[in-house]
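My questions all concern the structure below.
Just so it is clear, A, B, C and D label the chains in written order, and each chain counts residues from 1 on its own.
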C-alpha cells in the first residue's frame, strides 16, 4: 500500500468538510475520486497532500504518517499535487517553470553537493541530465510549441498542463490531480487523457479528483464516490457509477454534469 | 508610585487617541488601496501648520481654524491622490516609495515656508483639570474627547451607512463589491481623502498641544503604523485601541525602564503581537 | 557610461573654473542646512553669507597691495558624513578653498576628520562640533579651531552658569536631555560641575523626536528637584517647558543652550528661568548699536521682517563675526594663502564685533555671553559675562 | 549573449583604467562610495528583487558589521580582514536569528518589513545607548586602514580598486546564485511561494539563505565603508539609511543583478552634480524618486535595457 487514508475527518467550525473517509492506493493504479461540487473533494486532497492538518484520522504515506508535515517535505517524499486553478509563476516562461520544478530531482541526485554547482555549474553532471528531462516532460505534456512563452500568455488548457508538467518534474511516486479536466474543451481533455495514460505506462501512480464522471470512468482503475464529505461508494468505475447513492447524489444537484 | 502609574495610564490613553486617529487613516487606506501611506505624516504636518496659521497668523478662533485646516488638508489629499497615489494602488513598495518621495518634497517646502524655528500656537484652552488628585491639562482632555468622538463616528458610519458597508465589502472582496455596483475609483479616492482629512484633524489638534516643526509628521506616522498593526490592520476600533495601548506602553514603560529605549518598548510589543497573533490583537472583532 | 562622462566633465569644469579667479578668497562652509539637525548649520549659513556679501559690496578687502573679494561655497551636508567628505574634498581640491567653517555636527566632523587631518597645514577648519574640543592641540591637527566656547574649565560658561545657580540656593537639579552626540558630552561635563557645587543631579535621556514628556517629567518630579535642566534645542524646549509648567511639576528652569522664548511663553507659571545665551538679541538691539545695525541689515538682506531672535545667538559660531575676524587676521598676517600665518594672526586677535571673540591657547573660542534670569511674569535681567 | 559579454568586458576595462584618466580626488571619492553603496544595494536586491522580501534590516547589517570589525580589532587584536570576517559572521548569526523568527512565523510583505525594521531599530538604539562599547552618539574614529598584499589601502585610488573588486566579486557571486537552481528557488518564492512549497522547495530554507547571504555581503560592504570613511556612527543603522538602499534599487532597477549599481551611482553623485539651494535640492530629490517610480517602474537600467531590446527587435 502506497497511501493509506484512515478515518479522515476535517471540520471548519460547524461545517464538516470531510467525514470519516478511509481508502488506500496501491502502486501503479489510477484512482478516481468523484462527487458533486462541494462534496469535499478538494479538502480531502489537501488533507492527503499535507496542505492542512485533519481534525481526526491519519494519512499514512508508505506506512508513515504525513499529516502536519510541511508541503515541501511531502513533495520530497514522492507525493505531489496539482492545483484545480492552475498556480503559476506569472513572469516566467513555460520551460522555466519546469526548471524550477527540477529542484527536487537535483536534490535527490546531489544532496548537499548541489551547493558545489554554484561554483561550477557542471559539477555532478546534473544540469545536463535535468535539462534533458525537462525537455522530455515538456514534449510529453504537449507543451513544446509554447515552451518559451510566458505563463501569462498561454491558454487555460496549457496552464493546467503546465501544472501537470511541473508536478511530473518532481518525479512523483503518487501524483494527486485536482480536477485536471475542469474548464477544458473536448480536444484538451482528450489530450489530457493521452498524457495521463502515458504516465501510467511509465509507472506513475495517479489519484484524480474530478466531478466529470465520464472522464474518470474512462481513465480510472478504481473509483471512490464522495458526498457531503463522506465516502458513499468504492469499486470499479462503472459499478460505482451505477450505485444508487451516487446517482442520487448527482441527481440531487445537476444532471448534465454526469 | 501608584499615583505616577495611574497618571501615565491616563496620559498614555490621551496620547493614544492621537496615534489612533492617524492609525485609523493608515488602516482605512490600507484596506481600500493596499498601500501603507506613510505620507499621512505629511498631511498631519500640513494640518498642524494650517491650524497654527489660521489661528496665530490669520487670527481665526481655534474652533473655526480646525475645520479650515482639515478642509485644506483634505484638498491637498485630493490633489495628491489624483496626481500620485492613484498610480500606486495595490502596489505596496511603490506606494511606500512615493510616500517617501512626497515626504522629502513636502518637508522641504514646509522648511522653506515656515523655517526650522519651532512654532508654538498660543494657548487655546489654558489651565488644568484636577480629578481625584490627577492633574490633566484641559486641552488634552478636550482633544481626547474630540478624537474619541471622531473615531467612534467613523466606526458608526462604516457599519451603519451604505457607503460604509460598500467600503467594507470592497475591503473584504474587491471583485464582488465591484460587481455589486461599488464604484471602485471613487471609493478609493474617497477613502484616501478621508484618511488625509483624519490626519489633518490629528495635526490640527496636535498643534494645540505641542510645538511644530516640519518633520513632526514623519516621526509620528511610524507610531501610527505601529498602532494600526498592533490592532490588526483593517480594524477601525482596533486602531483606537492600538493607539491607546501604544501610548500606555510608552508612558508606563518610560517610568520603569530607561527612557532612552522608549521607542523599543512599542516595537518589541509589536513584534510579539505579529508573531503570536499575526492578525492583530483585535482580529475577528471587525 | 554617459554618467561617468558627466562626472568627468563636471570635474573638468570645476578645475577650469578655479583657474581663472585669482583675487578671490574662497570660504567653504560645511554644515547641515536641512533636516532635523539643521538649526545650527542654517543660521551659520545665514550669517556667513551675509558677512561675505557685505564685504564684497564694500569693494572687498586689501591685503598688501592687492584687493580681494570673498566667495562662499556652502553645500548642504544633510548631516550625512559621506556627502560632507565629498564636499570637503571638492572645496579643498577643486575650489582650492583654504578656510572652511563648520561643521557643528559631531558625526559630520568624525566623517571628515581623517581627510582633514591628512591635509593638515593646507587649510583651516573652524567649526563648533563638540567632538572638535577633544582633538584641539593634538598632533597633526594644526588646521583645527573650535568656534564655540566650551562649557567646562576656568573660562567655561557652564562652570559660571552653575555657580550662578548655586547662588540661587539650588540643592537638587534634574537634567532631561535629548540622547545625541552633544548630550553624552554634556552629561560628562555637568555631572562633576554640579557635584562640585554641591547640587544633586538626576539625569534622564530621551530619544530625539519625543514630543510628550509627561512620563519622564512626572518621574523626575517625584525626586522633588528645585530646578529642571532641560536640553537643548528649541524644538524640544517649548514642549518640555510647557508640559513641566502646565501641570505644575516644575517652576524653576536652568538652561545652557536654547532660547528665552519657551520661558516667556509660560512666564506666569515660572518662578525662575535661568539661561545661558551668547547674546540676548531682544535687549541688545536696544542697547548695542552694532546689534541694532546687524538686525536691520539682516532684514534688508533677506528681505524679511522676521528677525530670527531665537536662532541669532547661534551666529556666535562659524558665522557672521568669524568671517570678519578671518578677514582681519588675513590683513594682519599680510597674506591670504599662508594658512599658518593666518592662524597665528587669528590666535592673537581679539575681534570686537557683535561679540568680543578671541581664541585660547588650544584654538578654542572664548567670547562674552549673557546670563539671563527671567522671573515670574516675564521680567528679565541680563548679566553680560566676560570670561577670563 | 556575446554582446552582453563584450559590454561587460568593455565596462570592466574602462573602470579599471579610469583612475589613469580621472585625476580628481572628488570624482574618485564619489566612485568609491558609489561602488560600496552599490555593493550594498546589489546584496539587498538579492533579498528584495529576487526573493521578494522587503527587508528593513539591511542598514543594520551594514552598520553592525562596521562596529563588530572595529571591536574585534580592538579587543581580540585581530587584523582588519579577520575583523571583517568576524563582523560578517556576527551579522550572519544575527540574520539567522532574525530570519528564523520572521520566516518561521511566515511573516510576509509589509509585516516582514515592519518586524525587520523593529529589529534594526532595536540594534540602532542599542548602539546609541551602549556607550562603553560603541561610544554612543559620539561615534568612533577609525584610524586603521586595511593592508592587502603588503600594501596599505590608504589613498583614494587604492580604495577605488579595492571597492571595485569587492563590487565585482559581489556581482559575480550574486549573478551565479541568481542564475543557478538556487536563484530559481528564489524566483519561485517571490512569484508564488505556495506553489514552490508544493513543488518541494523548502521556502523557509531559501528565504533564510537569501536573507543571510544578502546580509553577509552587506556586512562586508559596511566594514569597508566604515574604514574608508574612517568613522562609525549610529546613523549607519538608521531607517533613513535602509530607505536609501531601497531607493537605490528601485532607481536602478530590481530585475537584474547589476542594475542597483546604477541607482547607487546616481544617488551618491546626484547631490554633488546638482547645485541647488539646500531646500530646493531636497525637493528635486523627492521628485526624482516619485517620477522614477511612476514613470519607470523597472528602474533606469531596466527601462534602458527594454528600450534597447525593442530597438534591437524592430
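For the reader, a short list of remarks on this structure follows.
The rule is simple: a residue touches a chain if its C-beta (ideal position, glycine included) is under 8 Å from a C-beta of that chain, and two chains touch if they have at least 3 such contacts.
Treat the numbers as computed from the prediction; the structure is a model and nothing was measured.
Counting steps between touching chains, the shortest path from subunit A to subunit B takes 2. Of all chains present, the one whose mean CA position sits nearest the global mean of protein CA atoms is D. Using the average of C-alpha coordinates as each chain's centre, C ends up farthest from subunit A.
Pairs B-C and C-D differ in how many C-beta pairs touch across them, and the larger number is found at C-D. As a whole-number value, the distance joining the C-alpha centres of subunit A and subunit C reads 73 Å.
Averaging Cα coordinates per chain places subunit C and subunit D 35 Å apart.
With centres set at the average Cα position, the gap from subunit A to subunit D is 42 Å. Residues of subunit D found to touch two or more other chains are 125, 128-129, 279, 282. Residues of subunit B found to touch two or more other chains are 108, 111, 258, 260, 263. Listed for subunit C are residues 34, 179, 207, each touching two or more other chains. Applying the touch definition to all chain combinations yields A-D, B-C, B-D, C-D. If you check the complex, the residues on subunit B that touch subunit C are 1, 4, 7-8, 11-12, 15, 108, 111, 115-118, 120, 126, 128, 135-137, 210-211, 213, 215-216, 219-220, 250-252, 254-255, 258-260, 262-263.
Residue ranges of subunit D in contact with subunit B, taken from their complex: 54, 101, 105-107, 109-111, 114-115, 118-119, 121-122, 125, 128-129, 239, 243, 246-247, 250, 279-280, 282-283, 285-290, 293-294, 297.
For subunit C in complex with subunit B, the residues that touch the partner chain are 34-36, 38-39, 42, 179, 204-207, 209-212, 214-216, 218-219, 222, 234-235, 238-239, 242, 246-248, 262, 265, 308, 310-311.
Subunit C contributes residues 1, 3-4, 6-8, 10-11, 14-15, 33-34, 75-76, 78-83, 85-87, 89-90, 93-94, 106-107, 110-111, 113-115, 130-131, 179-181, 183-185, 207 to its touches with subunit D in the complex. Residue ranges on subunit D touching subunit A, taken from their complex, read 176-177, 180-182, 184-185, 187-188, 191-192, 194-203.
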